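Next up: the structures, one after another.
Both complexes shown next keep chain A, but they swap its partner, so chain B is in the first and chain C is in the second.
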Partner chain A sequence: MEVDDTDGGETSLRSKITSPGESLTSSQAFMRGHGTYVEDDEVIASVAGTVERVNKLITVRPLQTRYNPEVGDLVVGRITEVAARRWKVDANSRQDAVLMLSSVNLPGGVQRRKLESDELQMRTFFEEGDLLVAEVQAFFADGAMSLHTRSLKYGKLRNGQLVTVPPILILRLKSHFYSLPCGVDLILGLNGYIWVSKHVKDNEQEGEEGFDAEAVYSNQNDEIDDATRAAVARVSNVIRVLAAHFVPLNDTVLVEAYEWVVEQEYTVKDLLLREDVADALVSAVATARPDL
Partner chain B sequence: MGSRVEILNDGGYRSDGRRQFELRDIAIDLSRHGQADGSAMYTQGLTEVLVTVFGPREAKLRSQTIHNRANINVEVNIAAFSTGERRKRSRGDKRILELGAAIKSTFEPVIQTHLYPRSQIDIFVQVLQQDGGLLSAAINATTLALITAGIPLFDYVCAVSSGVHSTHAMLDLTTLEENDVPHLTVAVMPRTGKITLVTLETRLHSDRFEEVFRIACEAGKVLHEEMRNAIKARTSALARAMGEGHPAGAPSNREGDEDFEMGDD
Partner chain C sequence: MLSKSEKSYIRTSLLSEPPLRADGRSLLDFRGVAVELGVTALANGSARVRIGGDAGSESGGGGVCGTEVLVAVKVEVEDVSGSVDGGKGRMACNVSCSPAAYPSLTMLQLDDFQSDLTSILDTTLGCSSLCPTNLSIIPRKKAWLLHVDALVLADDGNVYDALFLAAAAALHDTRIPRTRPIEYRPNNARSQASADASDDPMDGASGLDTHAMPKATDFELMDYWDEGEPLVCPNGMSWPICVTLNLVPPLFYLDATTVEEDATLTRLLLLYSFSTNSSNTRLQGMRLLGHGEVEANLIKPLIREGEKHAKHLNQSLFAKLKSELTKRIPQIVPSTKRNK
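Now for the complex of A and B:
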């Protein structure tokens, strides 16, 4: 396969599928990007996926892979380890992410120095198994990412359930926090972890004096009524079905899908148990899908 | 040859009706498997292997991390019902450890481990049925599973077993033939023709080695074509599902149920 330099074949290139060991072009004229390597003056693909070109840079994007973090990304993760002055967080990446004690909001004021007493009671903030939403702050030399939760939007997750999807299905959007009309809050982590939870009113979330440590680091779920539980389960199942069919996700797709399911009066479990329902759902949302 | 079965009869056919250089039917299923990052079900004749790949991810044990590249961990499990004679093998069985070590050393030069320092790539090989060519089937399945997991490789690795009956070389042996004739397994990287694995557990006359080896390398290139078609079909089905309104290829994507025949020179 040759990449033609002269024609403006941007679109034709996009859809080109390649696989490891296939020669893409000469390395004299092009630069190698991710998913490629150079041998004998040739750029060769190292993963199976779509070939993309930006000016002289050739990259191959694999369709199924682990999350590749970038600074500023919003991720959902799970604490795997409490270490000295830091937590280790599983964020579906190639290594566990690191959340430093100095990059979380400490109780008693948003901005203050961390004390020795904070180090001793780290487990009162986050424990092994806790879920949290955070932002990628920086990278270490070995490529591991450092997270921070220094915003009122970030922190521990409660009142909902986690759904995992392939990370490529989550597109970078203006906001990754959504409130669906059905009384469900949604956090679309760019690492493919999605948090579906009961809606929390804005003023409750913010708190009046800015920051309420008790509420932010609480392990106790709020009271959730049956209708909300059903809505959370329905949204989760819609996400699972769409992810199984490799449909890119955003809020419009999910709202459309949710409304379709309610309209057709399918039960929550029909989505997962009946393949005909799943297929019908996927074709129903085809119109609302985002352009890639 | 004190065998009751004729390995190669006068008409040039083998015990299962194949020609000398004929491979068995191949079926490849690349659908997602639970929480795995990549998986492949590979069937060659009656040999059936399922490989799941996890990672690159944080190593479970700190002692297993390597500071400048990823660690590859291979675990093999052979189902008790996979052979004619029901037999339970424990995880510590030397035979199984050897199989795992062979797969690991085959893939170490092929996976671009330097891109993932301090990570671990877990490869779980589950043997469901065996009828000869176990190592080659496991290697082919591992290649496919690694590619579906999006792990960068220098090239495919295509393995095939070959043997020699008196003066006739044969490809892709069954258990019956493996018991009777000297045989070797060759894993080849088709683009460059480099070899990542050759194993020979029986005695083979040195005059015969070259021919058997060469024919196995050629067969590897034929397998490569088939594996590549399966990967491309899967990748374009996913790309299409993402780009358009079509539902993605249904959960099972069985590809390449075809016979191959290599010309008998």
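Now for the complex of A and C:
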């Protein structure tokens, strides 16, 4: 298919999915963007994805890709390494992210000076394997992202489980913290890591009254009742099913899907083990939200 | 790698009443298992097994890709005239792992893991009690050597069960080429006589006699409509099936995902083979993995429980293979249909 300037061409372009090596258009009239290369005066897709065009710039947005960070993004990550004055964090990006010791909240208040003793007890804050929610602060020269957790909303995660989806399915929204009505909190990391956990009431959130380092850096789960655990498992499976069918995720989709599952009285595992249930769920969500 | 709170969340969920797993399965539920036969054209038998992964999608879809193992069996002629065990043929197993399946492991760690997998597959399948009885080509001279090569394409937990399922399916799929022993006999007297009688050299007996004879020195491949005969497992036993019991005392669960495996201290691998016509069961192997400990008196009931699940797994695999293989009889293009 040739790309042309008419409106008809643009609409057909929008729905077009490329395969690597597919010729998109002539390079004389258009500029190549990400996901494309030029050969023999032709712009050719280098990845499988959807074609996008801004004026004369042709890009292909890949279907499966690593997370492309932007400053201000909310991400969920896992500590992979404790290094000198910094942690290395796996955030599903091309390189490990970096969390500097100076970018975390330390016990004793925000105004406190960083001490040498903090460097020696970095593992009491975060150790290998720990999950955290953070914000992308800046980029290093090599493109690695630097994170910070200098907010009471950010920090170590507990009381729940992690679900991984392709990052492209997480839309940029006003807030990425949700409380579902079923007593489950969700953190939709833009890197495709989704934290599903027990709901914590706002007034019980750690650090509300001053900063309670003990609670913020705790590894201990709260008491969680069976109903909440079941809800966490159900929400996780709903996310897995929707992700498997490439449904973009946000809170309304998830609430709708969750209510549909409860209404139809399916068990948690039906979603995972029965294809008919999964397909029905996806079509139910699609009919409820025709814009998706 | 999991955080402490994730580990404790998984363990508490498992030990709560009723037990709950991260994806809502009950303790003894398996994820969907897909078996596909005849996936590599150049091998004598091959199979691909996938446990879990996204339903219905070929390439993993948008979520996790599950555990995927590919096994190919290739036969090779081996000179066994010098061997001590009578030269009945043998199996050589090798397992390799795709680095993409274990992105967090270094090459050295990956090598270690590969040799772990190879050793358990090789010691179990290479056991003389499981050596197929029809590998001999010419007794005490030539025999088939079965190369069982496995490739772990993706690992989302329970790789041992997937490995043995794939190996069993591939061995079921394997066809040994039909052979006929031959002997070269220069029969001087008769050839001279026939040369006198007529000028046609094809007249009379040829130098190559292709009848079965006790002193055969070589063999030829028979041209036949199918690819050969299936492997015959001795005593009517099935190929070994592995069940991994993930122990969280006082209970255990099956088919752990990677995350659950990380949160489980001890795993008990049990390898069974079942007789196809009687209720005879053999325990082919057993491994205790991990750094936990197990009460000695727990082992016996675990072995009994494991047998039940292995039997169930074996029956489902057998039913699946049977339907796959009967589909392939009018064979022009090998049909490869995957099933959940």
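By our rule, the second predicted complex is superposed on the first by the 269 of 292 C-alpha atoms of A that agree within 3 Å, B and C clash if a C-alpha of one lies under 4 Å from a C-alpha of the other, contacts with A are read in each partner's own complex, and residues count from 1 in each chain.
The criterion applied here is as follows: a contact is a pair of C-beta atoms (placed from the backbone, for glycine too) under 8 Å apart; a residue touches a chain by one contact, two chains touch by 3 or more.
The model shown is predicted, which means the values in this text are computed figures rather than measured ones.
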| item | value |
| --- | --- |
| Fit-or-clash call for chain B and chain C when the two complexes are aligned on chain A | clash |
| Touched partner set for A:K56, first chain B, second chain C, both or neither | neither |
| First, second, both or neither for A:H245, with chain B first and chain C second | both |
| Which superposed partner A:T65 touches (first chain B, second chain C, both, neither) | first |
| First, second, both or neither for A:S283, with chain B first and chain C second | first |
| Touched partner set for A:T80, first chain B, second chain C, both or neither | both |
| Touching partner for A:L271 - first (chain B), second (chain C), both, neither | second |
| Touching partner for A:R234 - first (chain B), second (chain C), both, neither | second |
| When the two complexes are fitted on chain A, the stretch of chain B hitting chain C, from 45-53, 63-71, 207-215 or 225-233 | 45-53 |
| Shared contact residues on chain A - chain B and chain C | 80, 164, 169, 244-246 |
| Chain C contact footprint on chain A (complex, rising order) | 78, 80, 128-131, 156-162, 164-166, 169, 218-221, 224, 226, 229-230, 233-234, 236-237, 240, 243-246, 267-269, 271-273, 275, 278 |
| Complex contacts: residues of chain B adjacent to chain A | 32, 35, 37-38, 55-58, 67, 112, 116-119, 147-156, 189-191, 228, 231-232, 234-236, 238-239, 241-245, 247-248, 251 |
| Parts of chain A lying in touch with chain B, wherever the complex brings them together | 15, 17, 19-23, 35, 37, 44, 46-50, 62-66, 80, 88, 90, 94-96, 142-144, 164, 168-169, 244-248, 279, 282-283, 286-287, 289, 292 |
| Residues of chain C that touch chain A when the two form their complex | 1-6, 8-10, 12-13, 16-18, 20-26, 29, 31-32, 54-57, 61-64, 259, 340 |
